[in-house]
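Have a look at these structures, which come just after this line.
In what comes next, subunit A is part of two complexes: it sits with subunit B in the first one and with subunit C in the second one.
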Partner chain A sequence: MIRETLAFARRSLIGRLRQPESLAPSFVFPLFFAALGVSSFGKAATRLPGFPADSYLAFSAAGAVIQGVLFGATAAASDLATDIEGGFWERMVASPVTRSSIVVGRLASSFVVGAVQAAVFLAVFMAFGVRVHGGIGGFVGVVVGGGLIGLAVAGLFAGFAIRSGSSEAVQGAFPLVFVLLFLSSAFFPRQYMSGWYRHVADVNPTSHVVEGLRQFVTRPLGTQQFATAWGIPAGVAVVSIGFALRSLHRRLAAP
Partner chain B sequence: MRTAPIVATGLVRRFGDVVAVDGVDLRIEDGEIFGFLGPNGAGKSTTVRMLTTLLIPTAGQASVAGYDVVRQADEVRRRIGVALQDAAIDPLMTGRELLALQAVMYGLPRREHRRRGDELLERVGLTAAADRRVGTYSGGMRRRLDLALSLIHRPTVLFLDEPTTGLDPMSRITLWDEVRSLNREGTTVLLTTQYLEEADQLADRVAIIDHGRIVRQGEPRELKAQVGAPTLWIDVDAAQSVAATEALARFGELRPAAEGRVGVGLGAGASGVAEVIRALDERGVGVRHLELHEPSLDDVFAEATGYHLEGA
Partner chain C sequence: MSTLDGPTVSTAAPARALVARNLRRVVRLPSAFFPALLMPVFQAIAFSGAFAAAIHLAGIRNSLDWFVPLAALQGAGFGAMSIGFATIIDIQSGFLDRLRMAPMPRRALVAGPLAAAVLRAVFPVVLVTAVGLIGGMNVPGGWLGLAVLGVAALGVGFVAAGWGLGLAYRMRSMAAAPLMQFAIFTAIFLSASQMPLALMSGWAKPIARVNPVTNILRMARQGFLGRVTWAHTWPGLLALTGLGLVTTLWARRGLSSVDRI
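Coming up: the complex of A and B.
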């Protein structure tokens, strides 16, 4: 099962690397939004009392990581749906391969892609002067956190992909996750929000994940950051991978 | 007694109210090439998908390589090679990478991956293109790679679902040669096709399926013989038409023909041609041109279904 999972993960990574056009949005858009945020609120934000970072750029790093990872994880699930649409899925299920390795391999690649994206984003932000207060541990915290977020989101979308068998349906569901991101503290601190927006951001797990990631950058290393930036996506990943595997068994049980 | 590699009894598959396969019985013997012939939507691919464990039958039973396709699906999968319609191959990977992935999927030991991959690439003539992305391959190259992929674990039973659909004549002939060669090595082959010539060229036996039911099954020659005797058409001088007709009458049923042409259904089969020529010669009838028309599988198809497959 491990060999099979690794082989499918490798295939998935090869696919990502050989379609640079599918990776481009996951790098370009988050950096664009970060640049837009810095030029719009850069000066004003840091004058706000209690602003949780040295600069708006340092503040926006975590949001950029999550945005990028969301794009990447959706693309991985979309590839799974393309396998179903294009017939490669049947090639896999006509073989004696362990069924779960087909999905787990794809999800494992989302972890790797998410982690690499997080590392690249953080490196870019550091090149522009962002200091990671958590040191190497903080850097690793963001990178692994990015991987776990990729895993959690890819699991959810892989479930949709397997159930719908349609890459268009997967891409159609993507804005829903993006709405969750905008209704979180990814782009603005919660303490300055008010009304329903604040309530939604408070209960939105994305806020807590992004804040955990952010604290790896803005604060010295602490257990709280791991609990939110790793713990929440890891917990969601357990549920979403379960959903994906259940969808797989459902699809295979009623062919 | 050893079980035949492919046995199906009363196989049925429904999709809602639509009955795609309606009680198919098959028995394919060791080392046979079996052609499954029918138009699009006749139930060929659905039958193959049940036999290859991709679809669960609604009713009936089937065993492949001695194992039940539902209860022992994994055992079946280990022993069969499957090349499905449309050659679903990841265009982003190279031929060599796909063979390595397929080797993992079929549990080949790691040390064998490269050797077996190279062996198959050479076999299907893709060594030079092995490290190119499949997206750059022609249709024929994809089909050949698909065949190579299906052979990675040396299957004893091979399913080829419309292996040459959309291929040019040269690619088609290359693939036929490869199928024959695999069969000589002992692989039992079930191939579906809508090309009569393909079934005629390759298959030891054929089954004709229409609306989910097998309407004829047997050796192509036997099936064609059942349709009727071969017809011998002879062009003679118009003035000798009557003499020619009298000479031919004893060889079989005369066919209606224009003046200067006579036709007879040869009761004795093609071997009766020499005797017909002698009879005409004895009566002094000069032969300008002759042709022997053997019944085709399309005639068999038309006789069984009421319509022709060619052009269907």
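Coming up: the complex of A and C.
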């Protein structure tokens, strides 16, 4: 099964590399937003007491990572739905392979893509002067965290893709990602929010994940970062992979 | 009497028919319309909540006063621009060819969709403003402030529709869609959209300073931040007039490019 999973993961990675137009937005938009945010809020950040980073640029690194990984993972699930729509899925299911490897392989590729995205984003931010206070461990923390977020979200959307068999339906679920992202502390610290918006950001797991990732950059290494930036997405990944596999068995059992 | 000898058809009648047809699409295909309706509301809420502290530094107590006009303009822009998507579908289905063969002035094929787009843009503007008012947005400029916001937002809708229509006539495929959205998106965000110019810094500030959308936003926001003044209105009106003329010409020439195929 491991060999088959790796083969499917490889196929999925090659497929994504061959479609740079679908991969590019998940790199370009987060970096654009971050650059715009630095120009818009950079001055304000220096005037706000207790701002939790050296600069808005350092603050926005984690937001850019999670944004890019979320966009990328959604695109991966959309590719899975396209496979189902195009009939390639049926050929894979009919082939003599462990069926769960078809899904797990694709999810494994989302982990790799998420980790690579996180590494690229952090390298770009470092090139513009961001210092990773967590050192090499902090860098690895962000990279693995990016991979785990990719895995968790890809699992969820793969489940949607398998159940619906429609790339349009997967794209239709995209606003959910958008809402989770914007109603969190991905773009501004929670401590400056107030009212119901603050309450929503407090209970939104995206806030805690992004803050964990951010602390790898803004603080020396500690257990807290790992608990939130790795622990939460790992937990969600277990549930979402279960959901994807359950959706697979349901689809296979359908007449 | 042959068709060619028939009575001259005015621009208004076919344009009205095209407006009615485009508005019927809203009812028949709500899934294509609702995202453009709801996104500005979500954006107004999300930005006002997330960036409230930054906006307070500019002396603005209620962040809704700053972000609702932005969301209204963006909603109008994206809502109206979707006329470009509808036009691409008409081109691909061959309906545009039937319209081109009909005995009516060519300008009706531009005027009709533009008018329909502006009417479609009314919905997100009204909705986001209503949500802002319910949420406690201030309007020291009173009815005049709201009216000026309406003019600015529908003006942006007109400009965005002209851009989308021109691109649809030239590219004639859905590949034009990201380009339509990207241009509107960058034009709005590379202005003083998120923070006042005085609090901006770095690379985007000089762009925002010369971006005509900054003047349009200043015009749209004035009634929510203070009283409406001519000094804050005319630069926005000038920008809208200029952009409106350019994009209308762009759309008209785009239609001519279809005729040359």
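Here are a few things to note about the model shown:
One rule holds in what follows: the second predicted complex is superposed on the first by the 254 of 255 C-alpha atoms of A that agree within 3 Å, B and C clash if a C-alpha of one lies under 4 Å from a C-alpha of the other, contacts with A are read in each partner's own complex, and residues count from 1 in each chain.
As a convention for this text, contacts are C-beta pairs under 8 Å (C-beta built on N, C-alpha and C of every residue); 3 or more make two chains touch, one makes a residue touch a chain.
Model, not experiment: these values are computed from the prediction.
Contacts of A:194 after superposition on the shared chain: subunit C is touched, whereas subunit B is not.
Touch criterion met: A:38 reaches subunit C, while subunit B stays clear of it. Look at A:202: by the touch rule set out above, it reaches neither subunit B nor subunit C.
Judged by the touch definition given at the top, the superposed model places A:48 against subunit C, while subunit B stays out of reach. Once the two complexes are overlaid on the shared chain, A:4 sits against subunit B while remaining clear of subunit C.
Once the two complexes are laid over each other on the shared chain, residue contacts for A:179 go to subunit C alone; subunit B is not touched. Subunit A is touched at more residues by one of its partners, and among subunit B and subunit C that partner is C. In the complex of the two chains, the subunit A residues touching subunit B come out as 3-4, 7-8, 11, 14-15, 18-19, 86-88, 90-97, 254-255. Listed in rising order, the residues of subunit A touching subunit C in the complex are 35-45, 47-48, 175, 178-179, 182-183, 187-188, 192-195, 197-198, 200-201.
Considering their complex, residues 52-56, 74, 77-78, 80, 82, 84, 86, 88-90, 92-93, 97, 100-102, 104-107, 110, 133, 149 of subunit B touch subunit A. Contact residues of subunit C toward subunit A in the complex are 35, 42-43, 45-46, 48-54, 57, 189-190, 194-195, 199-205.
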